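A short worksheet on the structure shown next.
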């Protein structure tokens, strides 16, 4: 199990492994928002928490494509499925590796990008905490989506479509907490809800993912 | 080690084989043959537990199979040794030295797998079998793109495995130089289905 | 010795700190990789020289 | 003797070996000298107070950020036209230096902006195009890193550099248009020449010279490293073949 | 040449071909924006043109991944390169097919999504025209990015990173035209600029793309 | 038809073969052999014009080659007939009937290519050669995963092509049953390089 985690991290850090790309995507999306909606600072400040959450969500989403498909294409997934590891465990580990290489860097980068969007000072801690609590759910839900689409060639866009609706509750509570925080209001309630979603998905979703993957492997 | 009785397998809801039966015990090798599209790959995947059989039964422990598919399952950015070590750790086996010597990979062990030629990569994927510690090897066209010398290496690896109490089932179109029973799948081709139960009753 | 930076002390010092730190990181990474590659090359040259 | 002779890796290594030590020394002296001069021995500006001291880092790094890209563009052209390996490697070696320079310019600018403009960041055209330049550096470096084969990587990155330069210029105009369009942030625009009195200018020139020299030294040294790495992989490949 | 266009369109419309996915992605991103930035109608109206342009851009971007990689993976690209077609032509055709299956539907869908974002009435025609003029440039620039990354496994995220900075001028002029239009101002100047960029890229970029692809094929 | 003199080819900046020379004229077949990693694939790609040679010269018209790589180049969502028709139109040839009969694909012509087995798909990719109208076929391990009957089909297709004034160069590890000159690549393996010019002067 730990061998799998180590291998996945190793692969991510090797040339072409894609570590840092999610981060760069996050940066670019954030930079492009003012180009699209205009440079007015007050206007940007209002939408800043939402943009940061949406950017983080998209960055997660786009890296999902690599989560299982690479292993599927070169046949490793067939071999892992016949190895003495429970498939649920394999998928949980893969979600963890995905979070470590994608979600966690996003959390750390969010305040820097907050500066670009004129995020109000009160908002920094809230955006970080809400992302820290919320991104694990994004990875776990994403693993489910990846397992659903693993057999499809270049299923990236379809994967996005399937996963986005599942991301809605996480996005709503996360962005709400960050927005309230930025306005100086109390954001504890949405944050609690967010934590609930994260815990629930971590506990239950790997079973669904494994079931789906078994079907796809046949 | 494995016993199959009256097995039917399907691919994409279409029955492909029906009434297949055989048994393989320790020290034996079974060689599956049959024209293109006769269902060898489908049968092997069923035996490895990757898809459920259509009907019939498979007696044997799926936890005792090691499957080598047509695809290599090799990570191109890891080195040869790293690839093998990963699988050794997953299967709880220590030491990849024997696998490296068995397939003449020592000289290549520090090379990144992406820089290997087709045949070298295939040798790596076969070497993986030796670090699984599993007794039943299930092999789908194992010698594709291997040259004559490598086929010999492979044959002696299989023979050593059989002598050590293992067993092997493999599909192939060419002569592997391994002694073993040959099973031709052509006669088991699924024809018009006799029962309505096959396709959820749509027939 | 230290000039009086007035109310902008933090600003100026942090600007100098950040810049010098970044330059230092770049310098250290450059030199370290340079030394590493140099040593590795010497090894390889040595080995190749011996074998053929 | 033609300048193209330095395109021979061995020759390049031999000659840089000789010139590097004095260059290291020169850049160190100029930078520390200039910074000390600027930091300790210049008066405060009557409007900007002590923050004017940031100029000694901000302007030289901004200068080098742009010129590093320009140098990469020239090196890429040389690679595309004459296929001298050293120039491709020099472009590769310059990119991270340019990236760091851009980052320093952005960070010092942001830190400076806080007291002067009351904000860390504004979508001023000049600042924005620097951010875009930063993105170009990121993409360029990421592409170098993603490709194993060195010649393929050199070809692809140099074409990316050429195409990217065109788009960078386009972006510059677009950004100008975009922010003047709503007439925002005009009050924040950087006032050139006016602020820079002679007292500030001389140490600034020293720092600029120091940064230019530092860039040259770093690129020469890093190019040497890249050449050695290439030589090593070539030797290893040859060793493999002789087995 | 025309055979290639027909085949590409055929492939897009077959099951798993990805037609409509870009559109659906556009839809979902747009729908998620109110979740992220809050449902206030006046606020949404201000950012509506920008959001529509950004959504269209992301939808284009994400479908680029399939543009050449599928042909590369199954070996068709090698065969096309040895076929009696100039590579520049092949890539132009592929860009055209991409625009027909991705860009054009986005143009048609934009007004519908404008309603969801409370786009001011004056903005509809402007958003459509600016997208109609701008999306071909997105396809052509995207083809260049796809040719750059074709040899990389799952290079989707790197592709985004490379292509996004190249999209900046198009986005700025396009969104500016749409924004001015929505405010009832004159948007002709940015629209002209946009047209210039589109024509320039169509005329020149295929040569760069072909050069890059040749390098990648060797 | 093609003449190669003193050719050197490289893979990933590493010279693989050196001093290869041969010529193939109309009606001839040349069979390349050599152990795994000896550079067959690399040589064939160079001949097809996909990568530039390291040194030496190739005399012949690259516009006259049809290349069949290890990968099939088959679109899985199109039918067998649609796949062939596309290539026929690209090469400006009319009629795919001969190609379908030649590789016994008539029965499969309306099946979607994704539903074919490995060998059936291979047959389709070989049938593509017959709609190119090109005279020189360059084939990389053409008979991988073909059964004995299909190998016969392939051999007779090649013989017909040769009789019609065509030529073929193919790499293989097994016996194809085609008469033709055999060229073993092992002696041409690139050794320690003599000149500095190889790797841009890095050596």
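Going by the order they are written in, the chains are A, B, C, D, E and F; count residues from 1 in each one.
One rule holds for everything that comes next: contacts are C-beta pairs under 8 Å (C-beta built on N, C-alpha and C of every residue); 3 or more make two chains touch, one makes a residue touch a chain.
Nothing here was measured: the structure is a model prediction, and the numbers come from that model.
**Q** Going only through chains that touch each other, how many steps at minimum separate subunit B from subunit E?
**A** When the steps are counted carefully, the minimum from subunit B to subunit E is 2.
**Q** With subunit D excluded and the rest untouched, write the groups of chains still joined, or say one piece.
**A** Leaving out subunit D yields the groups A, B, E, F | C.
**Q** Count the residue numbers both subunit A and subunit E use at their shared interface, divide by all numbers used there, and answer same if that is over half, different if under half.
**A** Subunit A and subunit E contact each other through largely matching residue numbers.
**Q** Report back the single chain whose CA centre is most distant from the CA centre of subunit A.
**A** Greatest centre separation from subunit A goes to chain F.
**Q** Applying the contact rule given earlier, which two chains have the most C-beta pairs between them?
**A** A-E
**Q** Quick check: how many Å separate the C-alpha centres of subunit C and subunit D?
**A** 16
**Q** Could you grab the centroid distance between subunit C and subunit E? Build each centroid from C-alpha atoms only and quote it in angstrom.
**A** Spacing between the chain centres: roughly 42 Å.
**Q** From the mean C-alpha coordinate of subunit D to that of subunit E, what's the distance rounded to whole Å?
**A** Whole-Å distance between the two chain centres: 32.
**Q** How many angstrom lie between the CA centroids of subunit A and subunit F, rounded to a whole number?
**A** 45
**Q** Which positions in subunit A are in touch with at least two other chains?
**A** Correct list: 15-16, 21, 24, 28, 35, 38, 73, 153.
**Q** Would you give the residues of subunit C that are in contact with at least 2 other chains, written as numbers and ranges?
**A** 52
**Q** Specify, in ascending order, the residues of subunit B that touch 2 or more different other chains.
**A** 70, 76, 115
**Q** Of all residues in subunit E, which touch subunit D in the complex?
**A** 144, 148-149, 151-152, 155, 158, 161-162, 164-166, 168-169, 172-173, 176, 180, 189-190, 193, 197, 205, 208, 211-212, 215-216, 218
**Q** Help me check something: in the complex, which residues belonging to subunit B touch subunit F?
**A** Touching subunit F from subunit B are residues 12, 34-38, 41, 70, 115-120, 122-123, 141, 144-150, 173-174.
**Q** Quick check: in the complex, which residue numbers of subunit D touch subunit C?
**A** Its residues touching subunit C are 35, 39-40, 44, 49-51, 53-54, 57-58, 61, 96-97, 100, 103-104, 107-108, 111-112, 114-115, 214, 218, 221-222, 224-225, 228-229, 231-232, 235-236, 238-239, 242.
**Q** Spell out the residues on subunit A that touch subunit D in their complex, using ranges where they run on.
**A** 15-16, 20-21, 24, 27-28, 31, 34-35, 38-41, 115-116, 118
**Q** Within the complex, which stretch of subunit D touches subunit E?
**A** Residues 132, 135-136, 138-139, 142-143, 146-147, 152, 155-156, 159-160, 162-164, 167-168, 170-171, 173-175, 177-178, 181 of subunit D touch subunit E in their complex.
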